[in-house]
Amino acid sequence: MARIAYPIIILNFKNYDQTVGKKGLYLSKIAEEVAKELSVSIAVCPQTVDLRKIAEEVDIPVLAQHVDANDSGSFTGNNLLQAIIETGAVGSLVNHSEHRLKLSDIERIVNKANSLDFFTCVCSNNLQTSKAIAALNPVACAMEPPELIGSGVSVTTQPDLVKDTIKAITDINHNVQPLVGAGVSTNQDVLEAIQLGAKGVLLASGFVKAKDPKEVLLRMAEAIL
Amino acid sequence: MARIAYPIIILNFKNYDQTVGKKGLYLSKIAEEVAKELSVSIAVCPQTVDLRKIAEEVDIPVLAQHVDANDSGSFTGNNLLQAIIETGAVGSLVNHSEHRLKLSDIERIVNKANSLDFFTCVCSNNLQTSKAIAALNPVACAMEPPELIGSGVSVTTQPDLVKDTIKAITDINHNVQPLVGAGVSTNQDVLEAIQLGAKGVLLASGFVKAKDPKEVLLRMAEAIL
Amino acid sequence: MARIAYPIIILNFKNYDQTVGKKGLYLSKIAEEVAKELSVSIAVCPQTVDLRKIAEEVDIPVLAQHVDANDSGSFTGNNLLQAIIETGAVGSLVNHSEHRLKLSDIERIVNKANSLDFFTCVCSNNLQTSKAIAALNPVACAMEPPELIGSGVSVTTQPDLVKDTIKAITDINHNVQPLVGAGVSTNQDVLEAIQLGAKGVLLASGFVKAKDPKEVLLRMAEAIL
Amino acid sequence: MARIAYPIIILNFKNYDQTVGKKGLYLSKIAEEVAKELSVSIAVCPQTVDLRKIAEEVDIPVLAQHVDANDSGSFTGNNLLQAIIETGAVGSLVNHSEHRLKLSDIERIVNKANSLDFFTCVCSNNLQTSKAIAALNPVACAMEPPELIGSGVSVTTQPDLVKDTIKAITDINHNVQPLVGAGVSTNQDVLEAIQLGAKGVLLASGFVKAKDPKEVLLRMAEAIL
């Protein structure tokens, strides 16, 4: 499967009706086409039950939306790193705004993921939590102001916040890739994010719910060429 | 896929190393063989990421270990009913001892599941919570004293608790199938559970970690013939 | 301190600015005055840190807003039954809409409270969860549709829901006092609740944020005379 | 009330039977006596319902064991900063091992506390989470390996961990006071912690459950003179 590279566009499928089963595979195929046509790095985050199917059928990085911190054992209903890796997924979102975690669990997940060469994109909500996350040494940290998620108003409308957060992340730990998200829905939003120093963007409805997802993604991909 | 019938043996794969990926499929195949050889009702609860693969390959009921209460939408990392149904799974454990839920979420899950003809086995920890669960009208309620789970000491060593709980469930709502679990690891445990009035058993390590899982399951299946 | 009797008006102080410290004591004094002037049963639920002060200074039942399920020991930050009882408080709300609990924890709390003759008013959100709660045998169950809490639109605008829920609670366990809440803000709301069969009401902003809390409470108290 | 100064001994009363009500006041008086006799900085963390009573009666810093992140309003059962401050308490433990919080909530609490000049001692479980917490800028960070809490085996039996953590905290944010805890039960443990660079210790059972708490605390206080 294609390696994760930067800049990257990460597409979160959430639990939208538009991403269940075959529809999620269809959207993943679109992502793969765009990634190959333009040679850009695009990753998809399907619904958990679809991880294996999609990882088998597309040649771009497939990420989980969440991974639990426990080791293997008696944790009924958990989705553990070992099982996710076995599906072919190569990483996971962690601490998304819709699935906030305890600090100690974020640390456990990142630490275990790093030891297994498993990609983690830990989400933060502001500059301060971005710094804390950077200190935990995940592969990437995606700052998303919660009030803008799903709003259609891009995080890049707050350029100082984006710039300051990227600088803060890098100052704490220059190994962490600074990403941004929330409200990202146009190629202009993506372009601005990259120009402000982000190494990529995280988006969901802007792609999943677009009338023409391929067209939207193509233009976003052009913005990061 | 085979229908759920009673008495039933429900096999919870938890997150044991012995159930990841192909190993979970192998155990599911064993369960299918035993179910067919003896014409007994056996269901498996694979790890979430394996639901689709196993539901495609075996002809016995496949259940999730957990399902989240939300409707489709922005719930990153949730495992929703709609997505689970699409994999071919026909039901779910709910409120397992290792994944306790808020009362209001149990009610939402059961209510939604009932409307979609989706099987729910809601776990309880004693007589009182069994009554509360029966009032919510799930398909089945599996009473498991937490201190016995994984202990190898069967719930049936407390026959009065089992009998009283089954009576309490049935008195509140005779539509609910009373099951028991915790420490069930031999055919004798299964036999006693059925003799005490249970409509089935829920077990995990007694099958998954057995030296010869097929032999263990065959003998348990004989006990409910 | 005055005994809990029915019908009862339970006043939840939540964490409003209007109820911090001396302001909460002032509102409790008003509740005491009205309870004595009209010989009606009124209880107050102050903020946790104010329980002792208020229980010392008023002669009406003082209730906690929440109590944790654990026994005494190493549970930093919990508010345990033993410590709450020692303040002079005589009961607690449990599972309020703003503090939903796991089913197994509600059962633990109710069970322990019953053994200590400690009043519990467990909140529910609909008919089904009310039945489940009634099966757990708390002293009272207060059904509050979450969408109406704080709305100013009274639960009694859904008279069939109120009647059916009260009947369902009583059918499961006639020892449980059926209460209702959500949007209760006028004497008419209280009157209708009692006429529909409720043994009392639970309210917060309708009293706490009233321009003249004493006048509002006097008229509500008249409605249950 | 006495100011917080360093080195400091913070005494967590948890929910032990030995700290309920008057017994908690008695232990607080002992702490006050020792603090005054030896002119050392000692703070107590009583049970929540006892905060006001104890803050009124002793002249040493009184801290909450936990504080919730929300602003004032509809958060039934929460213990908010505003209400805790009004009791006379001057700070709080945050994210104790027995009450772990989401990263985003720790950040909200610390940020609000800083704006109100309210002391926060955020607990961590290892070097990595200590760094993350330091990045959030609390007043203090107390590293406690969970497996040693209540064990009687002091954190100082891992001197490299203590030293490395203190250095890591200071490197990220030299404004944060590095404390340690877990298993601290003798004056020797306290002495070693200070010698390793800690600005104080956090302990519970070592004081609360001691046969002669005053004698134990006197000797610990001598160790930090």
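Going in written order, the chains are labelled A, B, C and D, and every chain counts its residues from 1.
FYI, contacts are C-beta pairs under 8 Å (C-beta built on N, C-alpha and C of every residue); 3 or more make two chains touch, one makes a residue touch a chain.
Please read these numbers as outputs of a predicted model, since none were measured by experiment.
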Far-end chain from chain D, centres as C-alpha averages: B
Chain pair showing more contacts of the two, B-C and C-D: C-D
Geometric centre distance via CA averages, chain D-chain B, whole Å: 44
Cα-centroid distance, chain C relative to chain D, in whole angstrom: 34
Distance between the centres, which are taken as Cα means, of chain C and chain B, whole angstrom: 37
Chain A, residues touching no fewer than two other chains: none
Pairwise touch network: line, ring, star, complete, or other: ring
Contacting residues of chain A [partner chain D, same complex]: 95, 100-107, 111, 124-126, 128-129, 131-137, 172
Of chain C, residues touching chain D in the complex: 12, 14-17, 20-21, 45, 47-53, 64-66, 70, 72-80, 82-84, 86-87, 93, 96-99, 149-150, 204-205
